[in-house]
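The chains carry the letters A, B, C and D, assigned in the order they are written, with residues numbered from 1 in each.
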């Protein structure tokens, strides 16, 4: 049994395999941020930070922090050689114009038609959508990276019950249990973490889960 | 045509009830000293237009704590618990706007466009009460231009004509807000003589800058 | 009697008096370009060139020509200290957003309601509108600077007969005969070149010409 | 991921019938050597999207003379008599578009917007056959996004990742055309190593540049 950190890293590692050489990628806050640590060495992936740059690099040493170079969560980062800074107009032109190949986001709920809810719980937690609605409508491929359930409650559902962040937006969901494609016929499990049985994964999913004929083990 | 003014002159340009645009992304690229001076003066009933409400001790977040806003138009309030509290308790009206839509609405306000046609927000709460338009079989949401009385901006360098340059991720909304406000006040880390910024390097032309204040180093 | 060049300079000189200290001004090709030579010394006026800069300066010496610094007519110019270069997106944002205080343009025809035709004669001369339609819809004040008639034919009309460049756009017309404001009640002569009689000016105008009660001599 | 290609490889990326966007304003900021190579190859039936048609011996004007276009979308043809002749004699279709509208349409095509809402062109021939929309009592013309197969661009400097910088009035349409084309080819006066352009100084990020060719000095 993996602890929270191990689970998150296991998911992030699998997400990283979805990124192709030359891709422009935007990672959400939290678990998705970890994906940058696991990009295969034979691939060059460019990370965009929606606060205004491409070429997001590793966290700097404490004495090398530049207060003007932070990620979209305001944490100090670096910019790699070949990177560029720009304003929010261009940053969201990149996002909304379909120039981001893949975005990786967390979610509160995902529906079998690709609807996603991840920006508010009415009357309780209302952080706002930030750039998430733009990323969901603009990125070529949307991957949701998250734990399969929340304290035992379903997050993969027939229909979302929380306010939507976008409709028909999610292409793939990667959890500690498996890799699920969101298709016109619903959720299709294409990879299974062998630590979980099909029945366990089905039970943890609040909608029909179709098992791919070419189901593979999740690496 | 001297654009350089004192902090005292600057705060007197912001009046109770004004709509203010403030540059910055989680406080990075925000005119902190100007904000401190406005808090000290105690302006009130402002409408804020800003990417986010930063943190309780940073950027516009400090103005939220000082209860200077009657309304906040922003994409994100999750890093400032006081904004959430004021919203949930009905003290402050908060309108949540997708980040990319917000910057385009400001650009439209400054560039004379009638609105923004976007897919962002379709099928969500953001769509409510708004017009959708079908263009060649695709549906787009019509988002209207936004303007303000005053823009409070930050830059790395300004020359005396108000031409601006930036460093790092501080541009964010600072480039467009000055186009969409009746007056704009820029807190620059450094003010240089006319001619010291190469015309090829200017990011925001001085025509979008009404006043400059010397903010000093970060 | 002024020759062609004297007439044009007389008009340009009068137009220059309309420019205020600190104004951002866009000058069209031809006669309007001359206006820059006559700005009163006590006023600092900024000239925008719609091909992408503010701070249009004088023509350079032949050995100082930079092929990348030309005006909107592709003629070599200079940029003044404090100027800035930008792309066409920003250039027309400046124009369409109402940030140009005054534009000075030539015209083929102007109607008494402010309609203007200056970009084509169907089947004959079709240069295209370039940035003229944007300037006419966006600039705060539109001044038409032109000779009062074309080979004896009226250019100030009740209605334009050529394809319009913009509707209700012109604020003021400055010719060798006088200065005319375009008002809700039509053309109003506010300044008269004493070399022409009121009757002469009326005869040269193809619409009603109201004479201002505070008519002044044109300087 | 080497973006540097030869002139021969570049011209082979442009195919008969393609829609091409070409940077430049009366030839200033136009990739002249790439144009010469395309003329030599003899590509035909192209649709041109460009600010203007320059001069008979300069910029895209040379392509007009070589009769490479079946359609031209532009704001101005007055400096190239051959364009006017081809239009009046029905050899080439010419669509005249206001300059500010054209650049916004290209930006909309590249930035995923549904269209442009503008007052420019209202009440003129430009309005014909187009939708107008009333927004809060104001009428705006709806102009649609424009995209192309290939963008042919010019820059002062490019690094190997395609990050671009510019000098003088050469930016014009070069900054947005690469966002709205399937591929973009940039003729740079100088090509430098990655890291030689400060990230603060980049005007067009390399993600909008598919290929680079070494144009040499002007």
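Keep in mind that, in the parts below, contacts are C-beta pairs under 8 Å (C-beta built on N, C-alpha and C of every residue); 3 or more make two chains touch, one makes a residue touch a chain.
Since this is a predicted model, take the numbers as computed values, not measurements.
Participant: Could you see whether A-D or A-B has the larger number of C-beta contact pairs?
Facilitator: Of A-D and A-B, more C-beta pairs in contact link A-B.
Participant: Which chain lies the greatest distance away from chain B when centres are computed from Cα atoms alone?
Facilitator: Result for max centroid distance from chain B is chain C.
Participant: Using mean C-alpha positions as chain centres, tell me how far chain B is from chain C in Å, no decimals.
Facilitator: 35
Participant: Starting from the mean Cα coordinates of chain A and chain B, work out the distance between those two points in Å.
Facilitator: 29
Participant: Distance between chain A and chain C based on Cα centroids, please, to the nearest Å.
Facilitator: The separation of the two C-alpha centroids amounts to 56 Å.
Participant: Can you list the chain C residues in contact with two or more other chains?
Facilitator: 53, 79, 85-86, 92, 96, 137-138
Participant: Counting only residues that touch at least two other chains, what does the list for chain B look like?
Facilitator: 104, 107, 112-113, 118-119, 166-168, 200
Participant: Would you mind giving me the full set of chain pairs in touch?
Facilitator: Every touching chain pair, ordered by label, is A-B, A-D, B-C, B-D, C-D.
Participant: Sort out for me which residues of chain D touch chain B in the complex.
Facilitator: It is residues 104, 108, 112-119, 133, 135-136, 138, 140, 142, 144, 165-168, 200-201 of chain D that touch chain B.
Participant: For chain D, which residues count as touching chain A in their complex?
Facilitator: 1, 107, 110-113, 159-161, 163, 179, 194-195, 199-200, 202, 205-208
Participant: For chain B, which residues count as touching chain A in their complex?
Facilitator: Touching chain A: residues 25-29, 51-52, 55, 74-79, 84, 87-88, 94, 96, 98-101, 103-104, 107, 118-126, 156, 166-176, 203, 218 of chain B.
Participant: If we count contacts the way the header does, which residues on chain A are in touch with chain D in the complex?
Facilitator: Of all residues in chain A, those touching chain D are 21-22, 24, 44, 46, 53-55, 79, 81-86, 90, 92-94, 96-99, 137-138.
Participant: Name, in rising order, each residue of chain A that touches chain B in their complex.
Facilitator: 49-53, 66-70, 72-74, 79, 85-89, 91-92, 95-96, 115, 119-120, 123, 125-134, 137-138, 163-168
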